[in-house]
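First chain written, first letter: the chains are A, B and C, and each begins at residue 1.
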Amino acid sequence: MDFTLSKEHQMARTLFKEFAEKEIKPYAQEIDEEERFPAEALEKMRKYKFMGIPYAKELGGAGCDTLTYEMCIEEICKVCATTGTMLSAHTSLGTWPIVKYGTPEQKAKYLPKLCTGEYLGAFALTEPNAGTDSSAQQTKAVLDGDHYVINGSKIFITNGGYADTYIVFAMTDKSKGNHGISAFIVEKTFPGFSVGKKEKKMGIRGSSTCELIFNNCIVPKENLLGQEGKGFVVAMTTLDNGRVGIAAQALGIAEGALDETVKYVNERKQFGRPLSKFQNTQFEIADMATKVKAAQLLMYRAAVAEDTQKVYSEEAAMAKLYCASTAMDVTTRCLQLHGGYGYTREYPIERMMRDAKITEIYEGTSEVQKMVIAKYALK
Amino acid sequence: MDIQEYKGVYVFIQQVDNQVAGVSHELLGKAKELAAKMETEVTAILLGSGVSALCADLASYGADKIVMVDNKDLELYSTKPYAYAMCSVIEKYKPAVVLYGATAIGRDLAPRVAARVRTGLTADCTKLDVADDGTKNLRMTRPAFGGNIMATIVCPEYRPQMATVRPGVMQKIKPVADAKVPVDNLAVAIPASEKDVEILDVVKKESHKMDIQDAKILVSGGRGMGCPENFGILEDCAKTLGGTVSSSRACVDAGWVEKDIQVGQTGKTVRPNLYLACGISGAIQHLAGMEESDVIIAVNKDEGAPIFEVADFGVVGDATKIIPLFTEEVKKALAERKK
Amino acid sequence: MNIVVCIKQVPNTNEVKLDPKTGTLIREGVPSIINPDDKAGLEAALRLKDAQGAHVTVLSMGPPQADAALREALAMGADEAVLVTDRAFGGADTWATAHTIAAALKKLPFDLIITGRQAIDGDTAQVGPQIAENLNLPNISYAEDIKVEGDYVTVKRQFEDRYHIVKVKMPCLITALSELNEPRYMTPGGIFDAYRAKEVKVITRQDLDVQDGDIGLKGSPTRVVQTFTKSPKAAGTLVNNLNPQEAAEYMLEKLREKFII
């Protein structure tokens, strides 16, 4: 067992770190304040081919692997979780299902554009009455000759309004519950598709989170992704993969908060000495550093499992559960070490704490992760 | 190579538009001191076209002798023609030491000459001395690792011993009026093969400002000034004090100010009578360029800023608030004096 | 067009710190980077490649670890990489370094050689012009802009107070300034290709037509006889309890004390 990264992974990490520091960090606060989509970052990530990192070159991707991609999310989220969310929703949720389930024609049509970032991807499963319980889907798709007609709405859709393609789930046979769900590739230009209300959120405020409305939306038959009625499997496997991305995001937030705090406690003096000289500070930092490292090991294990194992639901769930709770815990404790300054927007800690919370909720709440883990643990 | 054959301290005189560069005067001053220790003479090497009028100036700044190559091909600086002329001088006169200013010209010419005559060259020296171990070798000291360490270098087995020297470091002598020295007019024909670079145009940089290396008082701004607009505060202060504005690298990198006013390792070395550092934290690279200033006053919000370690007087506070008040105080003081 | 860019792997001197107790340089843990001027030179070459097509080779002389700098250059878009490495080259000063690199360059096809102006660890700016001298090529130092038309290169050559616009026929050597451009990032895919699909060609002593007396420490005319850290100036006075007006008055008083006004 070897815990050192290969040279290419080390170099990729250096790249992501420098890119995040120079190209993303300067906008992070502004994007949060203004609740603005990180368009500058997207443009640069396109230019440097960050939009299809884990996918094969033949598909238009960079030809790297999942670990490299997750390290990219991790490094970006150290400075701006909003930007990480955009990239992760695009790559893990908007692109992955086509890589995994797309027909050769679908792959040829969409992947080169998604992997270069010419198209931004998104994923639409959640509905007002169907969160964790996806079988309660009310959006319906009816086959009509050479096309499906979709009616209904989706909420909380990341990259909504900015994405060019959406992986949309809809009931083709309501009577079968989860086995009646089908997946579709919907382009933003399809007739009957529109973007509704934009959510105002506590954290990742620059990430666009929207309602999608399908009003007799016409989707060509060839845009059915996977078989009819197999949408639930598409959704669940996509979420397994997406969860590793959220784990990476949560980990990045925790690491970013810890980095800021180490800097702060070395500079800030009280009672004539830096905070870092007080034992409480030392114990807090030591404890957090250990948790962050444990979170990183779980996340990396899940990322490697994704490329080497057929099923990695347990690894993904554990990584997401632990990284998310670490992010929440570490940002809260880091803010405490910052004292009053941490509560102000002059320092990034309060933003990181707000950003951390979502990682315990989306792409399966922490409770859902525990359900998955328990299934394996109680076998 | 019989190094005993090589004698004399020679200085490459940099002239542009028939104006001698300040660093060349400084080097003549330093060469005089070195020549005294080596018991030899100082020779100025003057290259150019129609430059004979400059000889009197060189004599007054300490040259004992002048070797002049006056040639139309040397009117504008170009690497290979100048290198050819320098090598011709070195071959004929066999100098023990040749000094160049560490300028955009000197740092281009000297390495090419060193490669051609097969000798050592030490770049960007800040200190020159003569070894007291009997060899009388030139000891050349220069900063390395971004100014973090100093290295002393010798060139024991090859001649001439060559160095480029940072402008602003050495002291020129007080010019001697009416000094007259012998001038050797060396005829050098530059071969066509050396003239393979064509100069299409000469474009002067727009600059109305005093060169920060010539200023007696520098009001210098760093990142702590907050924004480019706040440099107006410094301009006002500098004007009142009769100085000029300089800057740290951070402000140049941020695009607030022009590169030519940057002080430090990658900028210019300055040695004014007063260096007023405003909102400059004092990275070691910056300190390397200004710590020889006579008096350093630093204003910075951060009590732990390294600039305070070199400052004679440090004030913890916000420069953007203090400097305008300070400027007013100076104005008042000057007005009172006039009364 | 064949372009060779000479690059040096250097410690990031911005991150070099002094041991406060011993005053010595802490080199441990200091990351290595491609020297900034060299990286600008590489970017200039890659832009020429993008605009008009060129084969870009990067060459570095250094210890085996310099491999990482070359892989980074490949990941940015260079086509080929050459590492000039041998214990026999160790201890070289600029004369011997330039002589060795020039000998290695003779093994490669080139129309244009680009080097950085100077390396941030040594700051000498000597190796570029000295390579040109060894190869008997014209050199243009301090390039702020490079244009290639046919067999000719036009360069905006920087001086302190002016520019020369110069034109020279290739082959020639240009030294680049970091102000020349903003170098591109690597791409993730480029990194994987650099390690998994490309090779770094190694040139050693025996591949080169050089004399032992002209390489390494033996071939170096200069000798470092002493290194030391600068002794810090005695600390002055620091005041931290004045309001802005008091501070302004304090500063004026000090100027008077020192007879500055």
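Note that a contact is a pair of C-beta atoms (placed from the backbone, for glycine too) under 8 Å apart; a residue touches a chain by one contact, two chains touch by 3 or more.
Note that this is a predicted model, so its numbers are computed, not measured.
Asker: Which chain has the mean of its C-alpha atoms lying nearest to the mean of all protein C-alpha atoms shown?
Answerer: That would be chain C.
Asker: Could you work out which chain's C-alpha centre is the most distant one from the centre of chain C?
Answerer: A
Asker: Ranking chain pairs by how many C-beta pairs touch, which one is first?
Answerer: B-C
Asker: Mind checking the centre-to-centre distance between chain A and chain B? Centres are C-alpha means, answer in whole Å.
Answerer: 55
Asker: So the centre of each chain is just the mean of its C-alpha atoms; given that, what is the distance between chain A and chain C in Å?
Answerer: Chain centres of chain A and chain C, defined by C-alpha means, are spaced 40 Å apart.
Asker: Between chain B and chain C, tell me the centre distance in angstrom, where each centre is the average of that chain's C-alpha atoms.
Answerer: 22
Asker: Counting only residues that touch at least two other chains, what does the list for chain C look like?
Answerer: Residue numbers touching two or more other chains: none in chain C.
Asker: Could you please specify the touching residues of chain C with respect to chain A in the complex?
Answerer: So the residues of chain C in touch with chain A come to 31, 68, 71-72, 75, 184-196.
Asker: Looking at the complex, which residues from chain A come into contact with chain C?
Answerer: That would be residues 6-8, 11-12, 14-15, 18-19, 48-50, 53, 57, 61-64, 68-69, 72 of chain A.
Asker: Residue numbers of chain C touching chain B in their complex, please.
Answerer: Within the complex, chain C contacts chain B at residues 11, 13-14, 16, 18, 25, 93-95, 98-99, 120-130, 132-134, 138-142, 154, 158-169, 179, 220-230, 232-233, 235-240, 242, 244-245, 247-252, 254-256, 258, 260-261.
Asker: Where on chain B does chain C make contact in their complex?
Answerer: Listed in rising order, the residues of chain B that touch chain C are 16, 76-80, 83, 103-105, 107-108, 110-112, 114-116, 118-124, 139, 143-158, 196-205, 207, 217, 241, 259-260, 265, 273-274, 283-285, 291, 294-297, 299, 303, 308-318, 321-323, 325-326, 328-330, 333-334.
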